[in-house]
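Structures for review follow.
Next come two complexes, and both contain chain A; in the first it sits with chain B, in the second with chain C.
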Partner chain A sequence: MSQQRWQFYFLLTPFLLWIGLLIIWPHFNMLEVSLTERSWTQGDSFSFKHYLLFFQQSLYWNTYLRTAWMAILATFITLLISFPVAYYIAKVAKPRSKLALLMCCLLPFWLSELVRAYGWMILLRESGIISGLLQAIGLADAPIEMLYHDATIILGLVYSGMLFMVVPLVSSLDSMDNSYIEAGFDLGGNRWHIFWEIVFPYAMPGVVSGCIIVFMLNLGNYLIPNLMGGKDSLWFTEMVYTQFITRFNWELGSAFGILLLVLSSLLVWLALKLSGQSLSTTVGR
Partner chain B sequence: MTSNPALRCQQLSKHFGDFCAVDQLNFEVAEGSFFSILGPSGCGKTTLLRMLAGFESPSSGDIFIQQQRVNDLAPNHRPLNMVFQHLALFPTMTVGENIAYGLKRQKVAKAEQQKKIGEILERVGLPDAANKAVTQLSGGQKQRVALARCLVLQPKVLLLDEPLGALDLKLREKMKLELKQLQRDFGTTFVYITHDQSEAMVMSDKVAVMNHGRFEQVAAPVDLYLKPNTPFVARFVGNTNMLSAEVVSQHDDKVEITTLSGLRLRGHSHQQLSVGQRVQAYIRPEALHPLNDADQGSFENQIVTRLNQDIFDGANSMLLAEFEGQQLQVLLPLQQRSRISDSAGNLDGSELKLGWNAEHCLVLEDSPEPSLVKSKEA
Partner chain C sequence: MKHAKTLVALALSSSLVTAAASAETLRLLTWGGYAPDEVIALFEKETGIEVKVTTSNNEDMISKLRATGGAGFDLAQPSQDRITGAQQAFNIYQPIDLSKVEASQMIPSMLAATKANTELNGDVYGVPHVWGTSGLVVNTAQAKDVKDYTDLCSSAYEGKVSYRMKRPTLIGFAYAMGEDPFAAYSDPAKYQAILDKVEAKLIECKPVVKTYWTGGDALINLIRSEEVVAAMAWDAGGWKLNRDNADVKFVAPASGALGWIDTFAIPRKAKAVDAAYQWINFVMQPEIAAMITEAAGNFTASQGSDEFVNEVAKAQFQESFPPADLDNIKWYPAVPPGLEEMEGLALDRIQAAN
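Here is the complex of A and B:
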């Protein structure tokens, strides 16, 4: 082996170790465990039992679909809120305030997600600031509990995902020449036409890239649904946790894990197909 | 001046704080003509064009398009279109979709749109380009699509913001002629801004030379070259040589001047000059004739200069000569070269005699060097 080839493989080793030991091997292991039925008397055997159980128990697949739906909804709301923010940072703000504004988006991330979630809890709980304020100005007679709703989960997810939506949007809008917008006006279009036919298609790679990242973060989030959703709002990651940690049912937990992976892969693939983008034009940029 | 101009501006001004970008302009552009605004960068031409398009609002004054005052019309409601400096073809659309964008805004029916797109692409020489992506086109093709996108809307006036600037030299030369041809074919009024005097000269019916927010002269290219009104125009349009001098006498447009060393020269001027006034004599490089010893008295003005450099470039060959500390450029056509050179084509000696006639010697009052504003265009 020549020296150059030797160097190449040497430098490649960390990557191979990472992807092999931390990604591929655990997943195959999980797949194997999920397809195993353990028995004291007959030993281990191959079985689809855990997957069947998932479809038989309505709690499981209901939570699964609910998690998917709420993650999509939260992603969509994040996009809705982030687009104007990103547009302002990229196109309206002066170069000097641009950096400051991006820093503002980054600021909350200096805190841990746990602390951020507690921040929201201080605001929203029954004895919290907002509830107190509403009572003080006479809009409410009794303490209001604003935590532990589906809406609170969405709120928390949007808040924790915004940065990951704003940054790719800013980077794709930043590269857009203002003359496209002027040309859009000059050729007779109004703001509506310009947004939908020129600006939005131009920002599409950023939109899809942001959506994919935020959606994956939402789907796999454990802390926000657990803390802000309370007992009424089950999230699929919580079920995975319960199986592994509380009930020591690794086989069912693994099956759930694989199903979550299938779900996120399927939805990302669908989003790319629908938007006509590819991984290389969005996340790969 | 025409009775029904396509575009008319009255006392049009634009101030940015204390800076006056466009200063009380009055002008008309005749229907169907090619009108160029020529000026150095920072002279206010881009601001003027953006006011016409509606992207800047005038500080004062009015803009009329075919007698209709458009000051208060938003850009998307003005009956004019603009070809942008970098063309601004929408990268997410095909060529056909780019052209359809404006047609859709005019609420043209789908079938009619397709017909018009086909026709316009045919006319600009890109019949099969409708389904191509913008990135597949070459520089010249993009140029034509940008024109087609505007011309399909049949604007009353088409504004062009240095669209040839991004092209390489060869293509630019070709596109100049092509643009002129397209303008004639379509009969649309073109308002073209550029800092390249050759573009303005080749294509235009009329050229306005702009400096410091004002028009120094508005004239046909020939007049601009032969009869510049102001020192700025004389220096900015085409190459010219300058000689410092003082006025000795003036009779109508005939002027007699004396150079720094007391040499008498004859020239012409449309300005009213006084005796003893400091002036500049402007002589084009092609008006200066190198003389050999046999030439006697055939030119009204003759001077002896020191030959500094012989720059051979085929038909564009130049001689650089020095007279009273001032550099003179002399155009030397190939057939003239043999008259003053040896058999090998080399110029011998360091002295060069030059002669020219009074009609090619324009005398204008001395003004400080026109400050070509180099800063970024406002």
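Here is the complex of A and C:
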């Protein structure tokens, strides 16, 4: 009995060390820094100054809301594109081609995100392949710039998030018994009804866990908005980076970091509430 | 048995050798091109000191050193205007022992200017290494009449110009609009007024800009593909592009190119301080300095190194800087603490404006 206990704590230690030293402690540290006002003459003091600044400058909370909205939009589009793909892999494809199809989704992720972003830039830029092709077949008279728009950011985010949506969807659709669908047809339902009443509710845990993962990745993405975004597009993570690295303002950067954490936690909680799921039925599966 | 003993002895001696080698390591925090492999090889051959290079930029250097309180590196190369502010705020450097630096190898005027600009409470924190300017890179076949920063706002080049969202852009535009931002460094209220004016101008110019470039590679791609015909950039980048496309030239703006000097500064908790001085004196030898000019594209403060630089680089320099333009270079004075926060807010507002 006591040996079992000992084993339990022994096995738990790496986890506790990881979560304590690398997650909880740095976050408390960040919270502390964000509530400090630094002064060379009077020393450090406690202050809400940086949080107040966030609300006073419309620039900051505008970027905050814009980032959240675009991350949600990109997640939704990812879901729209991934669901048919996942359904095909899980239900329509033959077992042998299933693996090949999943590999096709996985392959681009063997490259780094930076290389994938540059790939898109080569395709979309004014002197790039797509623009050249459109001119060659006579659909455009002059070079078209497709890079540096908000839409390009969404495109990049959707592309980089696809895999993380497809895999949970496939795994939840895979376990569905085909006889449910047959029974639906037998009872006179059409395709639309069967999708909404049977398939989608069954896949709900996969949908929610996929959305949570993709949303988190989108919100925290730095590379794609930075490389593919235009002159008007500012992503909130870029602001955190700028405060830490180019402005040496760790206090404001920490406040932004905490606010980003609050935003993502809040939105995930809201998504779980609205979909009637819980963390244990989705991510914990 | 005998065999085993030899093995043990071998293992011991090799570990001793590596221990000795790691004690003689110079950890250099510098810019890309300032420590070319050939120079490192020569230095290692002459002194036996191993050099580990981390490439960086001004802000990143300060951030890295700030995170450790000035540990982790033995020699850093911040620009001369970014030393005293960072030193006052974060205490990350130690004073330079000028008796250990061979001053005779350096161009006297540059050494004097750097000493004056990096002095704090009677101590000097930097000596000069590489210098250069930022100005305009222009495709002269397509944008002949771009002569000053404000010409980047001309609607004739809509969607064909680019610049950075960093402080040199603010300062360059301020000069081109007839202000003197360096003179206002010590007067926050006046500086804010200049910033407001520049901010309004840059927001007005936004429809003309194709994109704000973020890295040197991105800019070079934009100009090489002729998607951008005029941009604000460093002289070395312009000269590099000029070698591929003779139409692309670095032009000193009418209101003056902005001049910077990258220095040698020793972090406060540096371990191999002697190695750091050895490196400084080694790379300031004219032949070695010329090798760095070849790699980095910029000239150094080494006295007499021009002789060893190739003819192409010399010709490019003379074309971009006729004597009058050379005298008109505006050298960055030291940035007082707090100024960058004001600039940061202005830059963010420009980027977010629609």
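Criterion: the second predicted complex is superposed on the first by the 275 of 285 C-alpha atoms of A that agree within 3 Å, B and C clash if a C-alpha of one lies under 4 Å from a C-alpha of the other, contacts with A are read in each partner's own complex, and residues count from 1 in each chain.
Keep in mind that, in the parts below, a residue touches a chain if its C-beta (ideal position, glycine included) is under 8 Å from a C-beta of that chain, and two chains touch if they have at least 3 such contacts.
Keep in mind the model is a prediction, meaning the values are calculated, not measured.
Asker: Touching A:177, do we find chain B (first), chain C (second), both, or neither?
Answerer: first
Asker: For A:234 in the superposed arrangement: first (chain B), second (chain C), both or neither?
Answerer: second
Asker: Does the superposition put A:185 against chain B (first), chain C (second), both, or neither?
Answerer: In the superposition, A:185 touches chain B alone.
Asker: By the touch definition at the top of the document, which applies to A:248: first (chain B), second (chain C), both, or neither?
Answerer: second
Asker: State whether chain B or chain C is in contact with more residues of chain A in the superposed arrangement.
Answerer: Touching more of chain A: C.
Asker: Is A:198 in contact with chain B, with chain C, with both, or with neither (first, second, both, neither)?
Answerer: Only chain B is touched by A:198; chain C is not.
Asker: Does the superposition put A:141 against chain B (first), chain C (second), both, or neither?
Answerer: Once the two structures are laid over each other on A, A:141 reaches no partner at all.
Asker: Could you please specify the touching residues of chain C with respect to chain A in the complex?
Answerer: Against chain A, chain C makes touches at 59-60, 62-63, 66, 86, 88-90, 159, 166, 206, 209-212, 214, 218, 225-227, 337, 340-341, 344-345, 348-349, 351-354.
Asker: Inside the complex, what are the residues of chain A that reach chain B?
Answerer: Checking each residue of chain A against chain B gives 177, 179-180, 182-190, 193, 197-198, 201-202, 204.
Asker: Which part of chain A faces chain C closely enough to touch in the complex?
Answerer: 40, 57, 59, 62-63, 125-127, 145, 147-148, 226-227, 230-232, 234, 239, 242-249
Asker: Hey, which residues of chain B end up touching chain A in the complex?
Answerer: 53-55, 74-77, 81-82, 84-86, 88, 90-93, 101-102, 104-106, 149-150, 153
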